[in-house]
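Both complexes shown next keep chain A, but they swap its partner, so chain B is in the first and chain C is in the second.
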Partner chain A sequence: MVDIELKRERIVIRYKDKKWDWILEPRYWRNAILWTLVLLIFPAVCYFVSPGLINTMINANIYSAIAIPLGLMTIGTGRMNFGPNFYIGVGGYTAALLSIAYGWGPLMTLPFAIFTSIVSALVFSPLVIIARGLYYVLLTLLLPLVFLEVTFIYSDTFKGDTGLFGIVPLVDTGNAKINFLIVAYLSLTIMLVYLLAINKILKSRYGLIMATINDDEDVAHGIGVNINKVKIISFVAASGMIGIMGWFYAHYFSSFAGITYLPLTFMLKILLVMMIGGRAQIFGCVVGGYFVAFLETFLIRYLGPTQPIIFPVILMIFLFTLPEGLFGIWRKRRYREYLPTLHVRR
Partner chain B sequence: MKDILRVRNLNKNFGGIVAVRDLSFEIREGETLGFIGPNGAGKSTVVNILSGLIPADSGEVELDGVNITHMKPYQRARLGLARTYQIPRPFPELTALASVTVSALCGKKRKNQSFEDAAVEATHYLEFVGLFSKRNILARDLTFYELRMLELARALATTPKILFIDEVMAGLNPGEANRAVKMIAKAKEQFGLTIFWIEHVMAVLVEAADRIVAINYGAKLAEGTPDEVVNNDAVIEAYLGRGWKEYA
Partner chain C sequence: MEMLVTYVQQVLIYGFVLGAIYLLISLGFSLICGVLRIFHLGYAYIFPVTVYCTWMFMKEFGWGLVSSMLGMVVIQFVLAWIIYIGIIKRYIEREEIQLTGLLLVALIVEQVANYFYPIQEAVYLSTTLKEGTVTIGSVVIPWQLLLGGIISLVMTGLFILFFLKTKEGMAVRAISQNIYTSEIVGINVEVLYVFIMMVVLLPVIIGMLLVAPIWNVEPGMGWLYQTTAILVAVLGGLGNIKGTILASFLIGLTHAVMCNILGEPRFMNLSALVLVMIILVIRPQGLARSESIW
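Right after this comes the complex of A and B.
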């Protein structure tokens, strides 16, 4: 008889005189490989069973890929940025305008999208030094909204009301289903690369230094941390990574409209992904991304017109009942271990 | 003994309130300088100015011959200036070991120091202050005394030349206070530190300090050996009020 026992941090499986341990620690290598395999197999299965789910998965990967660098930015600057979609707009419009004007493909527009995102982040990076708390929130919140207005004012260039069309697509094999499958793997690759890279940073000395800024930046300054340098680097690097997702959106849909990505609704979705996942915890961003994307699809499919009301209500209930996020349920098993999250100041 | 820290004509106003007024003193290498004054005298303001948290309006501060007046706190820390806080300010989400490791990483520069080297060094400082067994406990779960010791370990890990201790006795019971004083004396001896000790409890400084500087309303009242300062009429008046002799 197989005996399965759930212990604090592991599942113990016993069969006759044999015993297997499965450690539940999220960063344990076997778990990481297991989850990556599940994510890799999922689109291929969907391709045969329900191709519509591939689109949901692409959305989930994009949400996660925006929320993960946003988590890094939040921890590294010790501040909550309410305007990550500004960099999606910058990256997306750069890719769209270049692609339409010169007929460039995604590989040609990518470096420019990264460059403009980084430059715009550098321009606004003094915000992380001079503004704190509510002022920082308001200033970052304003950026995408001002950009949205700009797209309407300079409608000849940005086509603010209709969006830009005719962007060279990300993948064009001639078969829509295969295109979707390739885009799904591409989005998954970007998300996993972000996850691994940022996890590596957070586990390193730089992650520890960022955590001190997140906890108490004055004290961090007093023990020798060059807080301005760390804050600006994490702000700019994360903005560049978010800008790449703007590029991805532009080439994925072959169109880009600021009205889709720059308003509050999109920004709130990204923030909820981050908070419901696990309060800026990067593994939580993946959980949150998939949860929000699949919940949205499920509600649109089965609730129809009531979805716009039910969706935020469900998310709000989760936000209040799980202060540590979905990932927090898991994290509690190993709460002594260092996994940086947003330090909520009351 | 050479002067390790020189403060010249330091001034600081907050709006119309004069917090520090033309304050000058120096700290000699290897000594323990006590810094006393009644509530609101400007002691913590002086420490905040010296550690770079707030800028001075005018005046000069020199650390080991280097003018640090306009330097940022992290630059001062790397030059060998460390401090503890009156109310402990730990990194609540980090373990004791991680908190001290950051200090070892970011304080005075060590050549070819890896993350692991810093963690090993941090373990040494935790052992020194008696927190080795609590190394994997989150700072938010430590007791008040342990937080004081964690702050001391965090400050020591930056390998300072001079250590500012801001009211270490506050919130400790007599037994813990006694242990804290012994620990500071041990740290001074073992690490060859110079100590600038801000304290409210006069008795502690009389025992521990080589010299004392007393201030009131941001200006220097007296300077000298503990006996001289304690028996100084101006100092007694600052603590007990005018006309104290009538009740003595």
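Right after this comes the complex of A and C.
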């Protein structure tokens, strides 16, 4: 049956003709563990020192948890999606409408949010095969805007101008500070699960196939890869994961407004998290998420009304000056993993 | 029967006027797509710069309308040159950075406009050419919109003449077909790129000045106009002027039908988006082929 073998630097698990191995060497996991510990301790420290920072951390985790699947989608489909916020809208509105209509809690609405995100992604998945080059950019860019229009047109249902209110909160202990702390750990858990799962996928044989598609679709097709299947799976899975973050937003704020998440400005923020973090490298998305969220909070606190101008200016400087993003500064010394090349015109 | 005639008149006249204004808004975007072969996602910045720079010169420096507009045009040219050198040319091989950078430019311009002249400022440009309305058949239409439509056609005609009849226009068409061959025959591609970046500003500026007194003016207006420009450019076939003209009037007619026949102006944008998506599925290359600008 299952054969577990302990080798010098790894554990090898065999089942029939399948094999999984888990690397034990500290140099491979030490930094990851250390950073995870820092992230785990951070909310607890903030709880006593500066509770406001917990909210910033939650935002950072959400940005990262949207950017990480977007990175997977970018590599797996071999092209950049300029409208990931469409799936935030789908997941968020599903959760919000169900919660308001039936009084359902987050656990009840979650499967429906995932389901609708996946179904809508399946409906639009032919785009990754049919639409090429700038047309793909345009269509993905327009999808959230179409959805936004729909929320305005059917304002009775979606409350396009004001948003939906009265959604059952994610956590309700009766103490706002403790609620924040629990939500912070929940967001961190989701982000870490996404990070670990997608890291595992990208390092697997399947990840190698995705990288091949990203680098050259024709070559991937030539060596027998079913590129359409891989592209659709990457697109749908990543969209489902992004949809979960829409669900999270809806229950976290107990309200959901398309006007917040569907316009270009929110999409641009997510795109910058991915680009400034590390150009679609998934660990870079975490760096980018934390950088963008904390920079935004810092500037709001110290610059006041000039923050909306200075914030994009700083992001632009970072975008232009860091060829591999913030994560690339550290990564330059450790060139091991696959560095994705981002494609727009394909 | 009389009702039907009225509806047809309304759709045709408003379709023409709206289409003509969309043509002014979109012509520049389409030409950038056709000649530079890039997707100028920062195109939205041109609209607030047109209105707010003119307003700035008038309000802060006390200049007259004409001199303020000239000052604004100079600023537009300088900005276009900086964007070309700093982003488009520099990141021509890294489109993900180029597109994100261009989007950021539009966002920064919007925020700057919002900081100095928020929506409560009630910015108003007195660029009305003729006050009042005109009645054509049974349709009443503002003079400003009608004149805007006529100016748009004249402007487009001049552009077409330029591209068809002048040496420089032919050079631009050559670049749009093949850059390397154009360089071999001695065309200075770099200079023409900068020239196109600047010349495409003219229809947008004229269009914006024409609609500023009658349409909503606010710092974020550029995104809406950019969406229209993208829709028209893609529907027409990226970069093709014939296609752009056709697509502008098609979208204008769609909007006119939504407003005047169905009586649902809320569906204007959605109907245009759906129309583009349907046509893209049937003709992925758009209405006209996009290998050349004409």
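Quick notes
FYI, the second predicted complex is superposed on the first by the 310 of 346 C-alpha atoms of A that agree within 3 Å, B and C clash if a C-alpha of one lies under 4 Å from a C-alpha of the other, contacts with A are read in each partner's own complex, and residues count from 1 in each chain.
Just so we're on the same page, contacts are C-beta pairs under 8 Å (C-beta built on N, C-alpha and C of every residue); 3 or more make two chains touch, one makes a residue touch a chain.
Note that the structure is predicted; figures quoted are calculated from it, not measured.
Following the overlay on chain A, a side-by-side fit with no clash is recorded for the pair chain B and chain C. In the superposition on chain A, no contact is made by A:Ala101 with either chain B or chain C. Once chain A of one complex is fitted onto chain A of the other, the partner contacts of A:Gly222 are limited to chain B, with no touch recorded for chain C. Contacts of A:Val150 after superposition on the shared chain: chain C is touched, whereas chain B is not.
Using the contact criterion defined above for the overlaid structures, shared-chain residue A:Pro308 touches chain C, although it does not reach chain B.
In the superposition on chain A, A:Met1 makes contact with neither chain B nor chain C. When the two structures are aligned on the shared chain, A:Val49 is found in touch with neither chain B nor chain C. Taking chain B and chain C in turn and counting the residues of chain A each one touches, the greater count comes from C. With chain A fitted onto itself, chain B and chain C come no nearer than 13 Å, counting C-alpha atoms only.
According to the touch criterion, the shared surface of chain A, contacted by chain B in one complex and chain C in the other, consists of residues 343. Those residues of chain A that touch chain C in the complex are listed here as 80, 82, 130-132, 134-135, 137-139, 141-142, 145-146, 149-150, 152-153, 263-265, 268, 271-272, 275, 279, 305-306, 308-309, 312-313, 315-316, 319-320, 342-345. Within the complex formed with chain A, the chain B residues making contact are 51-53, 72-74, 77-78, 82-83, 85, 89, 91-95, 98-99, 101-103, 105-108, 115, 118, 136-138, 154-155, 157-158. Residues of chain A that touch chain B in their complex: 204-205, 208-209, 211-212, 214-216, 218-227, 335-336, 338, 340-341, 343.
By the touch criterion stated above, chain C contacts chain A in their complex at residues 33, 39, 95-97, 99-101, 103-105, 107-108, 111-112, 114-115, 223, 227, 230-231, 234, 238, 266-267, 269-270, 273-274, 276-277, 280-281, 284.
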